[in-house]
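The first chain written gets the first letter, and so on, giving A, B, C and D; residue counts start at 1 in each chain.
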Amino acid sequence: MNSIKDSVHDHIEVEGVAEELLDTPMVQRLRRIRQLGTAPFVYPSANHTRFEHSLGVYHLANQALSHLGIDGRTAERVRAAALLHDTGHGPYSHNLESLIYRHTGRYHDEIHDLLDTGEVAVVLERHGLDPERVADLVRGDGRYGQLVSGELDVDRMDYLVRDAHHTGVPYGTIDHGRLVRELRFLEGELVLAEGNVQTAESLLLARALMNPTVYNHHVARISKAMLRRGTERLLRAGATDAGELRRMDDRDLTVALRSCSETAEYARRLDTRNLYKRAVWAELDAVGDDLLAADHATIRNLEADVAEAAGVEPEHVVLDIPGRPSIPESTSRVVVNGDVRRLRDQSTLVQAVLRVQRDQWRLGAYAPADATEQVGHAAERILGLDLDALVSDIRVERTATLDEFSED
Amino acid sequence: MNSIKDSVHDHIEVEGVAEELLDTPMVQRLRRIRQLGTAPFVYPSANHTRFEHSLGVYHLANQALSHLGIDGRTAERVRAAALLHDTGHGPYSHNLESLIYRHTGRYHDEIHDLLDTGEVAVVLERHGLDPERVADLVRGDGRYGQLVSGELDVDRMDYLVRDAHHTGVPYGTIDHGRLVRELRFLEGELVLAEGNVQTAESLLLARALMNPTVYNHHVARISKAMLRRGTERLLRAGATDAGELRRMDDRDLTVALRSCSETAEYARRLDTRNLYKRAVWAELDAVGDDLLAADHATIRNLEADVAEAAGVEPEHVVLDIPGRPSIPESTSRVVVNGDVRRLRDQSTLVQAVLRVQRDQWRLGAYAPADATEQVGHAAERILGLDLDALVSDIRVERTATLDEFSED
Amino acid sequence: MNSIKDSVHDHIEVEGVAEELLDTPMVQRLRRIRQLGTAPFVYPSANHTRFEHSLGVYHLANQALSHLGIDGRTAERVRAAALLHDTGHGPYSHNLESLIYRHTGRYHDEIHDLLDTGEVAVVLERHGLDPERVADLVRGDGRYGQLVSGELDVDRMDYLVRDAHHTGVPYGTIDHGRLVRELRFLEGELVLAEGNVQTAESLLLARALMNPTVYNHHVARISKAMLRRGTERLLRAGATDAGELRRMDDRDLTVALRSCSETAEYARRLDTRNLYKRAVWAELDAVGDDLLAADHATIRNLEADVAEAAGVEPEHVVLDIPGRPSIPESTSRVVVNGDVRRLRDQSTLVQAVLRVQRDQWRLGAYAPADATEQVGHAAERILGLDLDALVSDIRVERTATLDEFSED
Amino acid sequence: MNSIKDSVHDHIEVEGVAEELLDTPMVQRLRRIRQLGTAPFVYPSANHTRFEHSLGVYHLANQALSHLGIDGRTAERVRAAALLHDTGHGPYSHNLESLIYRHTGRYHDEIHDLLDTGEVAVVLERHGLDPERVADLVRGDGRYGQLVSGELDVDRMDYLVRDAHHTGVPYGTIDHGRLVRELRFLEGELVLAEGNVQTAESLLLARALMNPTVYNHHVARISKAMLRRGTERLLRAGATDAGELRRMDDRDLTVALRSCSETAEYARRLDTRNLYKRAVWAELDAVGDDLLAADHATIRNLEADVAEAAGVEPEHVVLDIPGRPSIPESTSRVVVNGDVRRLRDQSTLVQAVLRVQRDQWRLGAYAPADATEQVGHAAERILGLDLDALVSDIRVERTATLDEFSED
């Protein structure tokens, strides 16, 4: 048994299949993928990686299994899945997911292929574990998959606490000790025991507060959009392909962007934090349904149109249209007076939080600092934004949340 | 200048009028009044006092003044008020407020009398400060009174963080550094600067989560009700009077309760944590409007009636009927697109939190463990509780939040 | 099983005999005895109690037992001893130990009597545990007694971390997780496993840094000496006796001191932090061997002589002569290359720390602020202090460590 | 003015020249250089960078300046130097310093060249600051240079606390608030004010505890030695030159090592944490003076000889011979009874710590896991190690401090 020191959970004890999996290249690679992608542009100390997060998820899974009285091979399988759950991530964590998906036709759940080959498969089999079944757990399938990937999974518990610790933003500070202790299986469903409506709500609220402050901070969004755009050009330039990209770590991608003449400018801007600024920052009500439903090709065309209308380089307009807000935690289950209920049916807060997410939703159009005026005007017209619904008459909301270096 | 080490804010530098006020008996007395009254029955490490809280409030006030660019005598007055804001508290902080108020005919805002006499007045006047004006600030009057007592006051910021630190409950962890930096005066009103709707919401949510977990935890409520009842008997027995009671510290009261034969049993129960249990724990919908509006005398009569019907000692029934839920933070002001708005008009969360508070509201009837059954039945009938609205058919909700020692 | 929230160890799970012991009056009394006696006069947030410390010691004992693979009745006995180890303390923890000892002829190890009677004995016997053997463990006897009271005991680990947490002084932050994991039994001795010389040193250094900063801070020493003196007068006045005193809590003693006319002045001074100041603060080299070996009666006579020579009230001179410095941790055992060795034979630091403790040793003579000059001169002469060995020519070292309110 | 959230110091306010310097490529580059080089191989969460450390040093410098009453241009110069003090670092922080120095003939104090050109110079001059004088401060020259680089510099204070926070090792937890407050200038020297011998000692002890646990952990040393060796081959292969290397960030170097066929094996081993192991781990007494004084060429020859004698590839032997132990903090100055004294003349601990450092000193010879036996024997003979002085008869001390994954 080994003990690894973690800045969040102190000592994490690793043994069995997990100890061997740690040494595989696939898991070691996670040391070079930062947990929050471009978020360090806003929170400079948020340089934690998927590796330590994976250890944390393994640790909480272990505690949950012990409280639930689950052991033997089932438990080993869950532990393996907890440690491996992020191995499918490309560089910069979630930042490039949609891009990789579009280019490979597959989502980050190509996890079955990953675990079925190479050293990981060898280790799993040596411990009598079927890689397929471990991959199922990573995808959240089956009774125990809920522990790894579901509304009440230990992944969520670790990242909220860890992201709070490393950003310095106090809002993610949930009581993970209590959450893990109160998990139960009832009729095959993972639920929180009686008396925990508020515990479930606290999980929901933690994410609701972390979303605008950290995960969707506009500087994180802008840099992410620029990274995505640069990476897309890298693919178009033939400097890499989607299969190779998916297996890169943050370092490979950074250097690849610098080395390719067509993306060097993006790399230079990211390296020096010389980011685009918001030309438009529009609320949900200002955005037509067509625009919300637009596919990737349509958006690229719109960007080109806006650039042309604004008289700027095509590369100097980036549209960033998030999906409609949703709250996965709203379906988490809690026991109330003996019955299992969905949190959304039990908690008045769920609807409120959904509305808040809606209020906080923003379409962004980004451009170099000296082009935001033209691009803003052009985007407004071409995207058919409802002027009156814009949060301010200058197309860009001036109400930035915490800014590093006051970059609007 | 002096520097005092604080477990929450690290070094607190004290100078000027504050340094001298610290040495007055009135402020030193706060060392012996615990911040959370009977809450250590639930959270054993929550033994922090009004003294360190007062230092913390002074510290945050100081930071806010510096960010707001306020100095000179105005600032000294605010600093003095911050340090003195809790000197009016009786023993066990808020636990006995209503009792003392009823018996003295005055609320804890007899602050003017307090500051006008004794060493505090001497110190204030030596520094050219008018005790009356300092007392006004403590009451929240005037432009700068909002900093000391208002929806966005530094009192709230300190206690949320401090109570979280000492209970170990992570929910109060607001970003007080940001809150203090973002305060502004606009047309005489204390507001949060542009871009801080969410900062204001986080303050609201922190309290919404701390309320049921800490401040209104049923064990804290039961012990508080027992303490109140015992103290009332102490007054009736003539062992003390309201004026003297108001100036006691926690130690005086504990020993007084032990020494008086009519209250010794309460003292013994509190000393050994042998608390009453819930006989009834009823939701707002189960409670008639009359009962909600009942005055103190009516409630005492109802208790007597319930005791008689249940065949138990009058002392063995305690009714605990909180006021209707409210959210002071809902009126805090935030700048949105240049206009000052009330949080409740801006945030979808305010209404939801109000509803949650309503859902969490409970009328309690408490009795010794072996009498809850009879007392429950009797209370149900005599209080005219709507059976169907009770959260469970056994009159006592079984969904306790975190219990120390599983005492329902 | 119950879970109690602790600000240091987060959730502490309590079950078995410990769960029942918690509810006994003897353990509940510890809620009203502060861990650090008068130290809150220096560190206002250090209001933690022996109760939460006892829970913490129980928690660490539990972890150590689990790592050591000890279970069954032996483990239950150790857990009981861990929870009960401080029940013998009088009010203000260690502050009055020597006084009580002198008056009862017994040290705080009257633990056997305590555990042999009352509810604690009933609970222990109900769980098949012999109170005598539990008391032996509290005294550190036998193989497993080392876990509860010895050079490597969990008591020390909890108090260093807890005192650091509550004072805000960072020096006590040992790696208790590692310490607990590395404990082993070798030939009946509790030792630290191979590779832990430095772990043992860190424990030693933590206490070496906490000593002058917290435990022996001169303001803590002065207030402790005043409390001791006041309590002695209380006994002399017949207001209480040593047997009763020993069973008081902090509140009883505070009120007793206030109520007795002969001690009211001490009570008033302590209540308002109007403490004596240092008239003499002399190094070990300045102090003759006779003085170091003086018994209580001799010291009282010297105080009287000094007071007379200085022309002040007898009550206005307090002599405070600590024992010679020692380091219990120096005998802790560590495995080095397969052999068990004493830390002092292995670590160069032990001798250095012992010398540092010697350098930091001070004899104190205290008097009211306006009498320090006369008392200083008189004490110097009557105690035969070596003038040249005094740290400064004004008899009082001006090099105070962190002072609250700059009280020299 | 801007406010940046930091996980260690919470909000760091940046204004003036510092605000503009932050945006320069030279400072932004520090985001991609990890503070502790290869230490994350031991402490997975220690991924913090020179960027946030530089912000922290700026922050503490700012506080120190304010306490010292220094403002105006002098203060701006110190602030600039604090923020820029690490811009001279190559990739992997200190890990490659000696290598770069050997190849460029210059140490990391080519700081004058760096600050004299490019955007940094432009910014400094725009604020009326002479780059030369700022560079002098970075080198620790002059009165105020001591604040930036000296025995009591704020660099040290930030890194101890920050490294402790991110590794999870509690030993670096100094009281930086107190240290910064107690700094004084006396006759041109930076000293700690009266009463701070122990404060100075705590700084010394913090580093003494962090050294073996973190900075010199054998796994950190092995990986560092492998990185250095790989980088040296990279230079020899002509894949880069020392000037270019010096300006790389961690990402460039990682990818460069992967891309060059002669270093790909090192890259692969580092990427997968498949590190060499200790073949020899010898104490200072076992090592001859010649060996201690050996220059780089001699060491390379010895490695080749050992490899030949052991019958392994030349690349498979790495010798790691640290310099003789020293304690920079021993010369820090403290005021004692009005005189300025060196800590080493005042504190008994300094000599003890020096001896401890000597005891902890180890020469290492590293080789792939399957070659440690042969390499150990060969190294012992060829290096002329004194067998009896080896800590164990197997040439490798088995007393590893905290190991991640138990890699000896």
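In this section, a contact is a pair of C-beta atoms (placed from the backbone, for glycine too) under 8 Å apart; a residue touches a chain by one contact, two chains touch by 3 or more.
Because the structure is predicted, anything quoted here is derived from the model rather than measured.
Asker: Quick check: more C-beta contact pairs in A-C or A-D?
Answerer: Looking at contacts between chains, A-D has the larger number.
Asker: Of all the other chains, whose mean CA position lies farthest from chain B?
Answerer: D
Asker: Report the inter-chain centroid distance for chain C and chain D in whole angstrom, where each centroid is the mean of the CA atoms.
Answerer: The answer is 40 Å.
Asker: Measure off the straight-line distance from the CA centroid of chain A to the CA centroid of chain C, and report it in whole Å.
Answerer: That pair's centroid distance is 50 Å.
Asker: Could you grab the centroid distance between chain A and chain D? Build each centroid from C-alpha atoms only and quote it in angstrom.
Answerer: Their C-alpha centroids are separated by 34 Å.
Asker: Chain A: which residues touch two or more other chains?
Answerer: Each of 3, 10, 169, 178, 402 in chain A touches at least two other chains.
Asker: Can you name the residues of chain A that touch chain B in the complex?
Answerer: These residues of chain A touch chain B: 169-171, 173-175, 178, 194-195, 197-198, 201-202, 205, 209, 212-213, 336-337, 347-349, 351-353, 355-356, 359-360, 391-392, 397-402.
Asker: Enumerate the contact residues on chain A facing chain D in the complex.
Answerer: Of all residues in chain A, those touching chain D are 2-8, 10, 14, 19, 22-25, 28-29, 31-32, 34, 40, 43-49, 51-52, 55, 165-169, 250-252, 254-255, 271-274, 402-406.
Asker: Any idea which chain D residues touch chain B in the complex?
Answerer: By the definition above, chain D touches chain B via 3, 10-11, 177-178, 181.
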